[in-house]
Amino acid sequence: MNKVDLSVNIGGLKLKNPVLLASGTVGYGNEIAEFTDLNKLGGIVTKSLSLKPRKGNPPQRIVETPSGMLNAIGLANVGVETFIKEKIPFLKKIDTTLICNIAASSVEEYVECVHILNDEETIKAFEINVSCPNVKEGGLEFGNDLNAVGRITEKVRNVTKKPIIIKLSPNVSRISDFARVVKENGGNAVSAINTLVGTSFDIYTRKPRIKNVTGGLSGPAIKPVALAKVLEIKRNIDIPIIGIGGIMNWKDAVEMMIVGASAFQIGTVNFINPNAGVEILNGLNSFCMENSIKNISDITGSYQI
Amino acid sequence: MNKVDLSVNIGGLKLKNPVLLASGTVGYGNEIAEFTDLNKLGGIVTKSLSLKPRKGNPPQRIVETPSGMLNAIGLANVGVETFIKEKIPFLKKIDTTLICNIAASSVEEYVECVHILNDEETIKAFEINVSCPNVKEGGLEFGNDLNAVGRITEKVRNVTKKPIIIKLSPNVSRISDFARVVKENGGNAVSAINTLVGTSFDIYTRKPRIKNVTGGLSGPAIKPVALAKVLEIKRNIDIPIIGIGGIMNWKDAVEMMIVGASAFQIGTVNFINPNAGVEILNGLNSFCMENSIKNISDITGSYQI
Amino acid sequence: MYIEKAFVESVERLDEETYLMKVFSPAIACIAKPGQFCNIKVSENDFPLLRRPFSICNVEGDYAFFLFDIHGEGTKILSLKKNGDTVELLGPLGKGFIYDDDYETAVIVAGGLGTAPFPFLIKNISDEKNIICLVGGRSKKQIITYGLKNIAIATDNGSEGFKGTVIDLLKEEVKNISKKKFRIFACGPNAMLKELQKYSIENNFDCQISVECAMACGFGICQGCPVDSANGESYLLVCKDGPVFNANEVKL
Amino acid sequence: MYIEKAFVESVERLDEETYLMKVFSPAIACIAKPGQFCNIKVSENDFPLLRRPFSICNVEGDYAFFLFDIHGEGTKILSLKKNGDTVELLGPLGKGFIYDDDYETAVIVAGGLGTAPFPFLIKNISDEKNIICLVGGRSKKQIITYGLKNIAIATDNGSEGFKGTVIDLLKEEVKNISKKKFRIFACGPNAMLKELQKYSIENNFDCQISVECAMACGFGICQGCPVDSANGESYLLVCKDGPVFNANEVKL
């Protein structure tokens, strides 16, 4: 067979392949570049940025759980100004698509962040994090409130022509309702899922293992939930989906695309195997060759139910 | 130290200890009795019963996932009549508390089931399953609808004086809202959590691994979510909680009690170790001895946040 | 039924893909019957989560044998067991073959790893009966004849023995034995069992099949392993009502 | 930094609770510095999920050594490794000790498994400097002296050596060496490091501490391992900015 066309198009955002590194699991790209060739990947999603720098939550921030981990990093980030000055120069040099993830405590802050970053040519799309479970003032409430998600999408739409991806919370009854609101308000795509709310306690001290008390659950443990949420969106709403949650290898990635993802992000696996993205890409390529799939996008939503 | 008082009281329901076997994971008790001494346990919760017998879902019904499993049994059960005639006689002989779990497709069916079973002295309490994710007509919708949960609680309350436990769905944004409604409508306790909605696909056939497409995720993978849900209820609503989700050993059980559970149920672990209940009980007893805990109920909600 | 922590005596590699595990499990070995299985906890920690079901391949004194190939993580872990390691058996489970009553020839039909339950069965079938074993596989590589006797082989690609499915071979063989009273005992992939079932129901043969499916508990409490009853009105449980069924009892 | 699949040469049990693993990892061995660590994938499957961080205990030619005790599932799996098995090392990670500049005596303070990074450090400290090792533990059982020299021991219960904490012992020892220019290198439980930090800041000692905390990635991408900077205004990352810090750099 000839070469496989690995490129995908997500609501106007073109990627050379569907492999994205998830927000918060690659920093701003420099450290992981020691272990992997970022140029090969479809794209990188930055750690969530807020208007001002954030120190993040006090330790302990992470804990391992069965086939998963909890984190409450608290959106530690350098803020948009420093990001532009100090991080963009490195990211510019990488031949991969840069998606900027934004987290904020108010609709106005979202708008302002996007407004400031919009002029940066290197940034090809915005992923709006309405679903971080670890920040008290904002995140969680937005992510579980249909009106808020609609409003944020609409207001952000007004300040940028670049593709807008809304990153949805899984901690809701019907995630497809949120995807509908995103679509109705001009969002180009959704990404799903962010982490599930979880906790863990030390039975001797009776204290939470994570200082923030609750954290976000990620990793293989949540894969079945992520797949079900992506499938629910796919079956109900016509909007491109970026699938996230528990992907460890190319087989998981294929599964995620089958249930409806046009592209996917890998998170936790980067901590264990920082070269996972490239390995998954190679695995996808072989899978397509062996199964005579010419365009990888043909896998998207190809479930047989 | 002297003997530990292992007994607990859940909204009027007295158990000799907090170890319960979860609905759907022990059948009606006879098979598991080959491997464990049911007389030692705090109680057994029956497989969900409906008014008429149910054949259940077609195969494949189960699949393993990382640290968990998905099931879509579809509430296969013998129906209340046969239960009374054929299953009660065996259950009568066991010196443990029998809790009858009811699932139904309408408020009326819940009421009728409870009404019929109410006269059976062997049954000490009802657990109302408003949250089975695998039955299309009823379950899921009820579990995610505050009004429906309120109505079911109220109507069932009218036909029985026995303790009513409402088994809550975790597939909601704020589970404590549901606990509040249960309390307001006369429920005695809540149990949390039922399974999370999940799925799994075969990448070669592109078919769902479970015929029902989605199933309920259980096992250690969901423990962090279950703990967070129980903690959320405990911190917001004053109602006894039966904690369920991912408990594999006595340490997990202690953790579940620390975050707020007065008693707990074990499910998936019974499939792997049918004697787990007794082993957990022994572990709990030793833990209390070593830590000079006189009443096991002192652990409930003893978190240090 | 017991939960028995069993010491591994050996794991022998029979050929490129097939392993034979011998474990010391006196309690289970003592009461096991041909066609029954054990649900095996392959590790001491919680990975993999569920037990794995395996047919009891043979019993010698206090030892039980299991025949397997590497399928996923569970069987991989098993294949690496060394003398002195342990596994935890839950069993013996299910209903085995009925083989002691009135017939003259036992016709064993095994596809791939479907060979697994038959060494034990063969050993227990009375010497007065004839036994013939028909073994099938895609190619020579998939043919497993461990513990069988009087063997005829079928391969889809003809790389060994008869060219065709093992059911095609059976149809040939039946011509030679049809005057004698025979009983078919079969185990293998579902597709093979389905074909066999059709054939034997049409011809009103006496036929027992051992069925595989996903399982959690293995002893009847999870309801995870249903198979349609022949009339389609209810489900039987493979772990409790099977894994061996009469061919006309279930709808595959 | 490399990801290196490394063959296990041996896992030796040093005493009841302590193990020493020797692995063939030429790439990492070649560039490792004392005080650095590796994040180790202990199994070939996804259990346990995360890597486990371990100090590089020593380097000999192409071999790296790791000293550990059985804590949970990860270290249990490590303890069962046999010659020929593999582990996957990611490293060398973090900033090591600064030991090559101007001081006369290296005072090594190790609590329990805090001994781990010091055999490698001791080997690299110039022969012209003095080295004394103070080792502490709750009782005799917790004293690990592997690869140390010139050792004084402290136990909380007095079952061996000085009765008291290793910091109490340090206070005694300092009387003998205080005229010489010395540098303290310490590793051990947080409580011990805290006490040491207080003492050394009060006395303006030259002191480097190796800090432990929960980690996911080990190289700076997860932000999971923060430690308060001394002024409390920002966080440093233990994996990247540490694990070795100047005692006055961080707030434990």
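Chains here go by letter, A, B, C and D, matching the order in which they are written, and residues are numbered from 1 within each.
By definition in this document, a contact is a pair of C-beta atoms (placed from the backbone, for glycine too) under 8 Å apart; a residue touches a chain by one contact, two chains touch by 3 or more.
Remember, it's a predicted structure, so these values are computed and weren't measured experimentally.
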- Note on the structure: Any chain touching chain C and chain D at once appears in the list none
- Item | Per Cα centroids, the chain farthest from chain B | D
- Query: What is the distance in Å between the mean C-alpha positions of chain A and chain D?
  - Reply: 36
- Task: Round to the nearest whole Å and give the separation of the Cα centres of chain A and chain B.
- Result: 34
- At what distance in angstrom does the C-alpha mean of chain D lie from that of chain B? 46
- Task: Name the residues of chain D that each touch 2 or more other chains.
- Result: 46-47
- Note on the structure: chain B touches at least 2 other chains through residues 66-68, 219-220
- Drawing the touching chains as a network, do you get a line, a ring, a star, a complete graph or other? ring
- Message: Taking the top-of-page definition of touch, could you list the pairs of chains it picks out?
- Response: A-B, A-D, B-C, C-D
- Query: How about chain C: which of its residues touch chain D in the complex?
  - Reply: 45-47, 73, 76
- Item | chain B partner contacts - residues on chain C that touch it in the complex | 1, 3, 41, 46-51, 90, 213-228, 233-235, 240
- Item | Contact footprint of chain A on chain B as seen in their complex | 65-68, 70, 144, 171-174, 196-201, 203, 205-208, 213-215, 217, 219-225, 227-228, 231, 246, 251, 254-255, 258-259, 287, 302-305
- Once bound in the complex, which stretches of chain A touch chain D? 24-27, 31-32, 34-35, 47, 55-56, 58-64, 67-69, 71, 73, 76, 219-220, 248, 268, 270-275
